[in-house]
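These notes open a run of structures that come right after.
There are two complexes below, and they share subunit A, which is joined by subunit B in the first and by subunit C in the second.
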Partner chain A sequence: MGAEHAVTVRGRGPLAIRPAVALVLVLAGAWSVWALELAPSALWPGREGLVLAGEFFGRALSPSLTREGVDIPAGTPPLLLTALRAAALTVAFAAAAMLPSVIGGLLLGLGASSAWWSADRDRGRSGRVTWTSRVRVAVGPAVSACCRLLAAALRSVHELLWAVLFLAALGITPLAAVAAIALPYAGTLAKVFGEMIDEAPRPAAGALRELGAAPVVVLAFGLLPRALPDMTAYALYRFECGLRSAAVLGFFGFPTLGYYIAASFENLYYGEVWTYLYVLLALVAAVDWWSGRVRERLVA
Partner chain B sequence: MSDRARDIDTLYRQRPRSRFLRGSGWLAAGLVAAGWLGGGFLGDPGWTPRRAENLTRFLGEVVPYPLQGEPWDWTVAVGWAREIWNERLAAATLETLAISVLAILLAGMLGGLLAPWATRSFARPDPFVPDPRPAGPARRAAWNLLVVVVRVVLALLRAIPEYVWAFLLLALFGPTAWPLVLALALHNAGILGKLTADMVENLERSTLAALRGLGAGRGAVALAGIVPLSMNRFLLYLFYRWETCVREATVLGMLGMVSLGYWIRDARARNHYDEMVLAMLCGATLVIVGDLVSAMLRELVRRA
Partner chain C sequence: MAPIAFTLAGVTVRFGDRVALDAVSLDVRAGERVALVGPSGSGKTTLLRLLNGSVRPVSGTVRAGDDDLASLSPAGLRALRADIGVVHQDLRLVPNLRVSQNVLAGGFGRQGLAGAMRAMWRPRRGDLERAHALLARVGIADRLFERVDRLSGGQQQRVAVARALYQDPGVLLADEPVSAVDPARARDTVALLTDICIERGLTLVMSLHNLDLAREFFPRLVGLRDGAIRFDGAPSRLEGSAYRELYRLPHAGGGPDGG
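Let's turn to the complex of A and B:
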């Protein structure tokens, strides 16, 4: 009690309301405004911008249910059908990309975690040192570092930049979109999975190991079950992000929702833009709700 | 059956089960299967001569321009990269950083301002301490409505991807850095606002109730209670979201404005893939440095 009290008195309250931290944040903001040569006056959109904003946001409550425009070629599918198809393809891209991302993330994440070698290192004195455990202790730290580095490299390149690379190297194909999402997502999942496996409680794994269980068994029945709820919840969150990424890939020519948002906006069919936006919103909200319920049951 | 086998059997039967989770598992598997079958990925022609040719051409053009068709020479390659870096990429990298910093600060302000009104324990007629004379149904309904409206606005802000926001705002503001900054700020304000509101709802009530019980108004409870109690965690969220801002700031420039993305698009349009990849490497380095800085800052906050 006494020690706790002393700490509270000595600490000067939360970091964020200390003048020095506030000053740093203000200076950072001032530097960015200066570096970008931003005039606050440019925030006033001007007459044309205002008219456009009025027209665009004026349609927010009246999205189109049928196609806008005068000469609609015969055989054009109805707007809502196009929207549904684009939504289905957005989901398909995101869901398909989750498979390689989760597999890659699991493998890289396991490699990046210290769970498969740190126990061998800490237990040198207990006597049961086999040559495999010696190998694990010897290569473990290096392998983990390599896996972490690879994961960092994968996720440091944005999915849209991967898409640009694949488009330049291979041309437009749906598989390029899946790969573009899957590569950085595997990197992100590897980082988070690795941390979750490392932070999962270890007693069960230790007990299994003392009983002489093989490392694979320790991993599968001692470590992974403790980390799995968090990992599942996070994978679902990444699926929600994947939906947004898949939609945005439409701006690069894939026929997902972003493709139609861009096309309708450039044709000044603002009602259609809102239709597509609301469909995207519904998708994201549905997955958000789903992952929230799953998280409640798994993590709580 | 031995006793132990029966015990194990009983334990197995009594394991926690949830129909919802099982259904969710099947749904997830079904979505992945349907995605692979219905997305047209399996009909991919695979490795065609045209693609091989495309790839060879691309790989040839990724080589720095002065070295194309020449033997590799590090001094030439470094000299080429340094020239482009000095000429435009250095400035663009700094601009990308500035966009992310300004965006996360604005997002923090907007999210922080909206969060209290999305907090159910705060936005109600009697925050933290039950009123002996309960408020009328009209006032309670008005506060409830406010919370719902603010939460829907936050959901709307974060459901629309940054890229779409930037695309829409570009038409509004023209080609300055503002559309990029505001796009990142709006999307992240939605995320930070929701995270902060949820966090404030889970704060320990006793301090806030004590302040309220002493007669503090809503503003005083917020400034003297909620802000100090929640600020460190708010900073953690802020730095965590800043990492994603750095990542996105590069990409948003591809809409044709400042930042590294502008030069990526420019090089792509000119088919100068060597410059394109160089700009991407600058972006990737910035992201990795940003991740490290953010991890350090978060560690600093955690210790404070």
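Let's turn to the complex of A and C:
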């Protein structure tokens, strides 16, 4: 009996990794380094690179408060106003993308989870079987698999690639940027939401079912409230990621922080670049702080 | 004589190869208080779960009032369950919702999604007052808007009782409601549940490990062992050989000492 137990422990569990698998992983890593001809010496920049890096990082402690350059056209808004406007638009793009992606992620995540059919499957062994539960057990696994596949397809294309596609199709319209962020984010949210719903404790849902609640009510008020704190925290984290994505989409010409960062960088106005970077940092820090507060309220 | 609340006729339940209940027959009358006693794994919980249709027998019939549970439609089963309150050992509350929301969830059996949403977000004053009155009855009136996970274990148990009572049920089922609490609180809880059922004329079926409490609070004990009923009668009759037979004790020595 003792020996049997030892075999079980070695074979399973989150910390159990077979030595052969570990060896393969290490070898694969080593081969990749060799195949890509990575050399530590390449990390050392040339003389020009060093000068450029020195100039750029030198301005980190003295970001610009006014515009750099000499021929500033009349009517150009002050740098800080431009930075704030770009920050507001970055937030707007991220928020506009989060709305459909959270709704889509929730619906797709619910479909991908087994929450709406596994109780029928378990009940089939000893409990009542009705025609609706038969249908749910019959189509549930297939529908879940389809939802997972769709979510995987959405997120397997990065938001930058979606942006290239939408730019080609729609041109530079705000909708192109919002759709480019919303689609892969919906896929990511669906995967994580689905897993969180599946991992949420189910006793309360069982109790509601036993007192006669309809399946949709059981799901909404027995199961979802248990998953909601984690789902909210994760959605807020994705909003933070959305801010970065929206900023980066500025490189394509959308009027977010990335647009101004790229423009200032090309003009070698490093002080301005740092101003925009600090504004982005402040945005991300603010969302992080907010998410912490929300989570505290939901969980504590 | 009171009408029959439940009838089990030749009911057998299997989980895979294991026989949980073996050709069990039992009548429970409306307003009766019945304690299910017997060793662990004897089938007490399975019997309780049969009564609200959570478990399906492989043979035999389970009737609640005039209804054969096997022939009920999903809507019929929901209506039946709305009339049966259940208190579980592990309470099964939603810990991150308020006490009021958990108690009002007791009404879900008679509501659709719209009604449930209203109860959770904008409850009617009358419904809140009823929840408050029930919490007062179980002794935690001042906790109406507290989050459940901020309450002690004993207080949470009272919320679970209040939720079951909010259903306004005709029957209360309790599955080992006191096996996880200290002896003093166990006695209080069993006293509370039996008092409420007497006040309201509810049928009460409770599985209990603690034979002393079963003897003190229940006029009828049903003893199970190995999925079969070995005893059915007044507590005073569960003595001597009947007691030893139920718990399979050696016939020399060993008397009824509860536990």
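Everything below uses one rule, namely that the second predicted complex is superposed on the first by the 265 of 300 C-alpha atoms of A that agree within 3 Å, B and C clash if a C-alpha of one lies under 4 Å from a C-alpha of the other, contacts with A are read in each partner's own complex, and residues count from 1 in each chain.
Throughout what follows, a contact is a pair of C-beta atoms (placed from the backbone, for glycine too) under 8 Å apart; a residue touches a chain by one contact, two chains touch by 3 or more.
Just so it is clear, the model here is predicted, and its values are computed rather than measured.
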Message: Let's test your reading of the overlay: on subunit A, do subunit B and subunit C clash or fit side by side?
response: clash
- line: Larger residue footprint on subunit A, choosing between subunit B and subunit C, goes to B
Task: Kindly classify A:Thr132 by the partners it touches after superposition: subunit B alone (first), subunit C alone (second), both, or neither?
output: second
Query: Who does A:Phe93 touch here: subunit B (first), subunit C (second), both, or neither?
result: first
- prompt: Touching A:Leu80, do we find subunit B (first), subunit C (second), both, or neither?
  reply: neither
Message: For A:Ala42 in the superposed arrangement: first (subunit B), second (subunit C), both or neither?
response: first
Task: Tell me which partner A:Gly222 touches in the superposition: subunit B (first), subunit C (second), both or neither.
output: second
- request: Applying the touch criterion given at the start, work out whether A:Ala53 contacts subunit B, subunit C, both or neither, answering first, second, both or neither.
  value: first
Task: Please work out whether A:Leu298 is in contact with subunit B alone, subunit C alone, both, or neither, and reply first, second, both or neither.
output: both
Message: Looking at A:Leu281, would you say it contacts subunit B, subunit C, both, or neither? Reply first, second, both or neither.
response: first
Query: A:Leu208 contacts which: subunit B (first), subunit C (second), both, neither?
result: second
Field: Segment of subunit C intruding into subunit B (one of 23-31, 77-85, 131-139 or 221-229)
entry: 131-139
Query: Both subunit B and subunit C touch subunit A; at which residues?
result: 298
Message: Help me check something: in the complex, which residues belonging to subunit A touch subunit C?
response: 125-130, 132, 203-204, 206-208, 210-214, 216-217, 220-222, 225-226, 228-229, 298-299
Message: Which stretch or stretches of subunit B touch subunit A in the complex?
response: 18, 20-21, 24, 27-28, 31-32, 34-36, 38-41, 44, 50-51, 54-55, 58-59, 94-95, 97-99, 101-102, 105, 155-156, 159-161, 163-164, 167-168, 171-174, 176-178, 181, 227-229, 231-232, 234-235, 247-248, 250-251, 254, 258, 264, 268, 273, 276-277, 280, 283-285, 287-288, 291, 300-301, 304
Message: Give the list of subunit A residues in touch with subunit B in this complex.
response: 11, 13-17, 25, 28-29, 31-33, 35-38, 42-43, 45-46, 49, 52-53, 56, 88-89, 91-96, 98-99, 152-153, 155-158, 160-161, 164-165, 168-171, 173-175, 178, 236, 244-245, 247-248, 251, 258, 261-262, 265, 277, 280-281, 284-285, 288, 290, 293-294, 297-298
Statement: Within their complex, subunit C touches subunit A through residues 13-16, 52-56, 69-70, 73-74, 77-82, 84-86, 88, 90-94, 96-97, 101, 105-106, 108-113, 116-117, 120, 163-164, 167
